[in-house]
Every structure is written in C-alpha cells, then in structure tokens.
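Labels for the chains are A, B, C and D, by order of writing; each one numbers its residues from 1.
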Amino acid sequence: MATRENDLLRRKIYTVVFRSDTPSGKLFDIILLMLILLSIASVFMESVAKIRDAYGPYIVFAEWIFTGCFTLEYALRIYSSHKPFKYMFSFLGIIDLLAILPTYLSLLLTGTQYLVVIRAFRLLRVFRILKLNRFMSEGHILSNALKASLHKITVFVASVVTLVTIIGTLMYIIEGNASGFTSIPVSIYWAIVTITTVGYGDISPQSPLGQFLASILMVIGYGIIAVPTGIVSVEMARATEEAKAKCPSCQAAIHSIRDKFCSNCGKTLI
Amino acid sequence: MATRENDLLRRKIYTVVFRSDTPSGKLFDIILLMLILLSIASVFMESVAKIRDAYGPYIVFAEWIFTGCFTLEYALRIYSSHKPFKYMFSFLGIIDLLAILPTYLSLLLTGTQYLVVIRAFRLLRVFRILKLNRFMSEGHILSNALKASLHKITVFVASVVTLVTIIGTLMYIIEGNASGFTSIPVSIYWAIVTITTVGYGDISPQSPLGQFLASILMVIGYGIIAVPTGIVSVEMARATEEAKAKCPSCQAAIHSIRDKFCSNCGKTLI
Amino acid sequence: MATRENDLLRRKIYTVVFRSDTPSGKLFDIILLMLILLSIASVFMESVAKIRDAYGPYIVFAEWIFTGCFTLEYALRIYSSHKPFKYMFSFLGIIDLLAILPTYLSLLLTGTQYLVVIRAFRLLRVFRILKLNRFMSEGHILSNALKASLHKITVFVASVVTLVTIIGTLMYIIEGNASGFTSIPVSIYWAIVTITTVGYGDISPQSPLGQFLASILMVIGYGIIAVPTGIVSVEMARATEEAKAKCPSCQAAIHSIRDKFCSNCGKTLI
Amino acid sequence: MATRENDLLRRKIYTVVFRSDTPSGKLFDIILLMLILLSIASVFMESVAKIRDAYGPYIVFAEWIFTGCFTLEYALRIYSSHKPFKYMFSFLGIIDLLAILPTYLSLLLTGTQYLVVIRAFRLLRVFRILKLNRFMSEGHILSNALKASLHKITVFVASVVTLVTIIGTLMYIIEGNASGFTSIPVSIYWAIVTITTVGYGDISPQSPLGQFLASILMVIGYGIIAVPTGIVSVEMARATEEAKAKCPSCQAAIHSIRDKFCSNCGKTLI
C-alpha cells in the first residue's frame, strides 16, 4: 500500500519537475529559471571587487540557499524518474549535477564557486516553456545543417590550422622578440587573431616583410570566411527543404530527402 | 459653417503634412528633412568642445528655432489627423514627440539636449519621398525574411549568450585581474568583443592557457557567423520568390507562399 | 592626299593604343602596364623617408619620365580616336587625364605628386589583355547582381546609419570625454568602428553601462552582416542563372530573365 | 633471383609506406602522424625561451632523431616507388623533402630549424587514414567550387587592391607621420587591416577627415564581404548539385553538369 502511495507521489513529482505542459510543471519551470538567473547574477556580483567587499557574506549566503534549492531539485528528479540512471547520465542530468557541485567544492578549493555559471546551460530549458516544438524543430534544422556540413568543415578547419601554423612560424622567424612574437605558439596565437579578423593589436608586425605577410594572411582570412558560409548556406537550404517535405499520401513529415519509404504509411517515396 | 471651413482647412493641412504624393506635400517633406538634417548637424557641432566654446549661444538659439518648428508641425499633425490618438500612439507619432521633448527637458536636466538625435529616425521618412513603393516593398522583403528567421535566430543567440557566459567566467578564473579581466561581467564583455571578431585589444589574455582558450573562442566566432548568414540567405531567397508570386487567374500579388486562396479573386491556389 | 596618309597613320596608331587583340596592341598594353607599375612603385618609394633622403632626385626624375610617356600616350589616344571628345569624357579617358595631372600640379602645390597613384585604376586594363571577354562577363554578373541589390542595400545602409547615429550619441552621453568619446562625431566614428567589427581599440568604453551598450552594438553588427550577404547571394544566384539562359530556338544568350522576346531571332520566350 | 627477392621486398615496403588500407600500412601511417606531431611540438617548445634554456640540448637531440626517421622514410618511399621521379616531383614528394631539409640546413644557417613546421602539411595525410574517400570527395567539392569562382574572385581582388592603394595614399596625404601613417606602403597596410575588419589599432586616424575616410573604408569592407560569400555560396550549391548527379541509365557519377554523355556507358545526357 505504501508503495502505491509512494508511486502516486512519485508520479505527481514527476509531473511537476519533468513536464512543462501542465500548469504546475510550467510554474515549477518558471520559478526554476528565475532561481537560475538570480544565482548567476549573484556569481557575477561576487566577482566584482567593490560589491564583494561590501556584500560578500550576503552573497555567499544567497549562493548556499540557491545551491540548496537546486540540490533538492536534483534529488527530486532522481527520485521521481522512472529510470534514475538514464536521467543521471543524460546530458541534462550531468549539467544538473555540475550546476551544484562547484559550491560544495568551494569548501575545499577557492575559486571553484565561479564555476556555477555552468548553470547558464540550464537556462536553455527556457525553450521547453516557450512553444517547445517550434523551437526544437528549428534547432533540429540548425543542427541537421551543421551535421551535414561536418565533413566539409573538418577539411576546411584542418587546412586553416595548417596554414596558421606555417605562417605563425614564418612570422616568428621574420619578426622575432622585438614586436611581441616571443615564441612560435604566441605567433600562432597572433595568426589566429589575424585570420579570424579579431585583431587585438597587442601583437602586431613592425617590419615591412612582416606587414606584407600579415596583409596576405588578412586577405586570406577575409576571403575564406566565404567558405564555411557557403557550406552552411547550402546545407541550411537543403535542411529547410527537407523539414517541409511531406508524404504525398498521408501528409506525415518526411525525415530525410534520402528516405525511400514514408515512415508513417509505408508508401514508396520517389 | 465654421465647422465646414474648419474641415476644409484641416483637410488642406492634412494634404500638406501627411501626403507626399502632392506637390505641396512633397515640398513640405523636403523642407522638413532639411530642417531635421540641420538640427542634427547643430547637435553634432554643439558636442565638439571647440565649436561649443566659440558659437555655443548661437547653436542653442538655432536649436530652439528648430524645436519650435517641429513642435508646430507636431501640433498640426494632431490637429489635421482624422484619428489624432491613433497618430499619437503610432510608431511615427511617438518618434515625432520624442524628437521635440529633449530640448524642453534640457531646461530641467543638462545633457538631455543631445537626445534630440532621435530625430535621425525621422530621416527614414526620406523613403516616402523617393519612389516610396519600390523601397517599401524591398523593406518588406527584408523584414519578412528577418521575421521568418526569428525562431532560428533566437535559438542561435541563446546558444551564443550561454557560450559567452561560460567562456567569460573561465577566462576570469584563468587570467584574473592582471590582464584586465577584473570581474565576470567584464570577462563576458571581452568574450563578446572576441566572438564577434571586433577585438578592441583593451583587454587581451596574457597566459598561454588564456590565449589558447581565446583562440578557440575566435575560431568559433569566425565559424558561426556562417549560421545567421545561412539562415538569412535561405529566408531572403524564399521572401524574394514570394514577392514575385502572382495569382495565375487575376495576376494580383500573392502575399505568402502558404496562402491557399488569392486574396483578390478568391481563386484556389496550389 | 596628306589627309589619307594622315588617316592611315591615325588608324595605325588607333590599332596600337586602343586595341589589345593585335600583336602590336598587346605589346603596347603590356609595356604600358609595366610603366604604370614602375611609376606607382616610384611613388611608393618616394613616400618612404629613408629612400627619399637617399635617392629623392632620381625618383623625381624617373617620375617626370613616366609622366612624359603617359602624356604622349594621352595625346596619341586623343589624336587617333574617331570621336576625341567621347574618349576624353569617358570613364577611362578621365582616369587617363587624372593620371598625369598630379605631377604637373606638384610644380604648384607640394604633396600632390602622391595623387598619381590614381594610375592604379589604369591597371584594371590588365583584364583587357588576359582573355578579356571571360573577365568582362564575370564582371558583368558581379555588377548586375550589385545593381539588382541596390534598393535593398540602400534601405539597409540607411537603417545602419540611423542606428549608428543614435548609439554614437548615447555613448557620448554615457561615457563622456574620459574614455575618448570627445564629441558626437567621434562617438559615431567609434560606433562605425564597432558595428563593422573592425575594433581598433583607440577608443573603447570604460563604464559598465557603456560596455553593455557596446556589447549590444557588436552583436547587432555581427548579426546584420548576414543581411547584405543574404541579399547579394540571392541576386548573385539569379544573375548567374540569367547569364546561362539561352534562347530555345537560336541558342543566343538571353540578356534578362524578364525578356519576353529573344533579341536575336524574335521568338517569344516563356 | 636476387632481383625477384628485391622486387618482393620493394612491393612489401610499398604496401607499408604508401597504402593506408592495409593493417600494416595503417599502423605505419598512425606512427608517422604521431612522429610528425611530436616533432612539431618539439619545434614549438624550442622556440619558447624558458624551455629552450632548460632543455635545449635534449630538444635538439630529439629533433635529429625525428629527422633521421623521416629521412629513412623518404629513402624508403623513393626506393619502393614504381616511378621514383614521379613521386619525388609530386606535391607530397616535395613536401616530404622540404620536411627534412631544414634540420640539415640548420648546420649551416641558424634559424632554419624552425622551418621544419612545413611538416604540418604532412599532417593532411590524416585524411588518408580516416575514411579517405568521403573527405577527398568533400575536398573535391570545395576545390571545384573555388576553381569555378576563380575568375569572379580575381576581378573582385583586383578591385579591392586598387581601392586599397588609392585610399591608403589619400590617408598618407591626410594624416601624415603624426598618426603613424609614415609612408604609402604603411598606409596601404593600414587600409588592408581596416578593409578586412581586422583593425589592430597600432595605426589609426586622428584627424576628423581621416576618421571620416576610414569610416567609409570600413563600411565598404563590411559590405563587400558579401561579394565573395555570395560567389562561393552559388558555386558551392552548383558543385554540391553536380556531385550528386548520376547517369540515369548506369548510375555512375556524372563529373559535370555540362557533360553531354555519360563517361561510363556513353548514354546521351539531357
């Protein structure tokens, strides 16, 4: 009998903590998001020297309150989940754990309390509250396009890394210590800063030859941005097309342009 | 009788201040645009110390003249409008009000006079004079494409904000005060400066680990620019296609590819 | 008789200076390009203090030699042209004149000799030597795409200018003189540096509010780069498609997708 | 008899050093890649002053070991290759030679030992181990798209170089030595830094006119990034389309959309 009551309680908790399509679940999610935002804000404030000096103890206290809440939430999630281990080792489950660990670790090591910003990942839950499906399908199109581009982008990144290594080394030989190119790794860092068009200017070439080589690197960097953009545009167009595809007989969405049968009614496609 | 004369006057004023397809309306709009440009120029000049010291009082005087003109114009618009409240709470009406308020506020608070640059928004009226429709339809295509991209871009921006928060905090832990990473908010500011490839260089990592993490952030920033570009390209192609679509029976423009009936003749589409 | 000989000479000169598809014309063009490159190189060298101090007089002498050659060439072009005035007021004719004027002006005003780099425009003649048509048609596709994008890009640029004006003024009010925001025009310059993701860092916000506003501006700048890219991609695709279109009956190239009749055989299209 | 044994040995070596689809060949390639990575890492470490002071002789010793291994590998490749000269003058063969030369040259000239980073190019062999074909075909699509864009991009780059030369010279005249624009080549370097949106900030305009001209250059640079992106997107779409094309009768891949006959079965296409 206790088991049945237990079961009922567990199911009730499950509805609240895991579902966002019920009134209580939605309320729970909104409160949770606010707590996450508040706790991130408190970490931000703790890092500002002036605020820490003035209100340090209060912030630490608030931080423990937040961590208490999140620990309770984590416990409830494990308790109410049908398959606790599956939840614990899922992406969201690991994030939930990582979001409370740093505060406890800060008892042993200083500095770790800032790592609670990993809670920011939990904010992505917000998409579950706002019309979930719409955003999930958009996110799906995005990640499909990126996955389909993966091979092309790997070739591209490998070429860029090689280029940056070679040019970084050449600049180290040409410029030397005087202009800030103190070692090959630093020169490669400079080459990355330049080819991505970030251009801090903390290190910059001074010799004519160095400036000439840097100009070439900039033009290359400016030009090749077109490559990933072109790749993603093409894949995005395909993924968007795919997302719109429907079975001509049952109107169910078709998952991929390469599908040969409708997964809903079994009709042959194409 | 007075009402009828009043009505006639009102309609005449309406033609001048609201319409840009009549000679008098066009002239009014051109004079208005010039006044706006002159008044913005005078604000610019007032902000330059040298010019302010030499001609300060004249500029302030000119500014009051401009504000007088615009106040009169605002009054005429309210007077001649058929539905004064609708105008007052429309986007353009609010801009028109905000464009005159700062000068009056400057009697109470110093510094507010610069806010009159909100008049710059009024310059967008220029599209009404130059072949209005052509530009409006282009603007329509642009805003349609952006609206259609909104969900995808929200997912994208949320991911970027999360990434920037996490990496900003890591850099605060790794680099610390010495390199200018004085607090987490400042580090996040640095992360935004870096991921958008702006790269001021006022804050830049000094430690090897920090430079390594910064390099990764740069490459991510350089790569993911492809994502919004791909999204907008695809939607722009669709919006352009849509803008060209015509009803096969009456040749009226079709508003959206998803329309099922022609809004002009009622014929079934697709 | 003298006229006929004259005519023959004129035609001969015309073949050499205006045509690049004859051996002598090609040779002339190649020598011309080399002279242009050498004269630009001499201007570059003159501007470097060390080289000027050592070889100043020689460089000035060489510059006069080059200018003499180009003046002779300009005279020959006018003499041999069928319609001298048409040539003189054509784009290339004006460039040819502007390319020799600065040297003569340098007798009156110092500093103007550097303006001879306008000769760089003349280097674009190189496309006439290298398989002209191929490049001209590619250039045609590019300029067609840009022309078709003009209205959309005007709307885009007008919006960006308005945004930059408003945010530049806000930053002037927020940051003030201390951070380098000395006047509204300078603040607008900073806003342009930021929104285009150039980011020199000579002026950068110091206050938290200023950094927050700057972050928003950066994200906007990073995001809206997608807009012109999307516009140009779509138009480029259309222009490329158009360049490939052929009349189904006579195979002549069709100039525009909107043509209703083939300009070669008169057949109805579409 | 010795020849046959020799032949067998040669074929065996060939299988190991040139093939990556056999177990021994794959193992060889993996060991090779690790040695390359280690040798590059040792060059990086040698360039860091602190590490060089502490472990200099050990690193030099390791470097000679690596070079010995690569020299042996190079000799084996020449020995086992069917056409040694074809290998020696192939792209990979030249890279293999350049990868060992710098160490030997360092006996004569200091500084050359850093050039061994040319070994980084050899890392691109990694694609041979990971499912070779998939990446090769993706690389093929990329390079096809870039080749097809070559003419358009040449026109684009030539225009940009001309623009940068003209504006660089104008800035030299406007700004002069005080702001760091010490010569025309340096000003052109600044113009490239600006138009590519890198923006180091080591040189930046100080005068109002210079800042105005710089703003225009930035906006141009920000806008025209759309041009190469548009070009590459269109060509990428075409190259992707082409890579998917198959002969309708024999299903063999079709090399180009412009092919008139299937290269496999001779069937007429289109």
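Note that in this section contacts are C-beta pairs under 8 Å (C-beta built on N, C-alpha and C of every residue); 3 or more make two chains touch, one makes a residue touch a chain.
Bear in mind the structure is a predicted one, so any value in this text is a computation, not a measurement.
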Chain whose Cα centroid lies at the greatest distance from that of chain B: D
Interface residue overlap between copies chain A and chain D, same or different (over half shared): different
Of A-B and B-D, pair with higher C-beta contact tally: A-B
Inter-chain centre distance, chain B versus chain D - centres from mean C-alpha coordinates, in Å: 43
Interchain centroid distance [CA atoms averaged], chain A/chain B, Å: 30
Sequence positions of chain B contacting 2 or more other chains: 185, 197-201, 221, 225, 229, 231, 233, 237
Chain C contact footprint on chain B (complex, rising order): 40, 43-44, 47-49, 111, 114-115, 117-118, 120-121, 123-124, 126-127, 134-135, 138-139, 141-142, 145-146, 153, 157, 160, 185-186, 189, 192-193, 195-202, 221, 225, 228-229, 231-233, 235-237, 240
Chain B partner contacts - residues on chain D that touch it in the complex: 197-201, 229, 233
Chain C to chain B touching residues, read off their complex: 151-152, 154-156, 158-159, 161-162, 165-166, 169, 172-173, 182-185, 194, 197-201, 204, 208, 211-212, 214-215, 218-219, 221-223, 225-227, 229-231, 233-234, 237
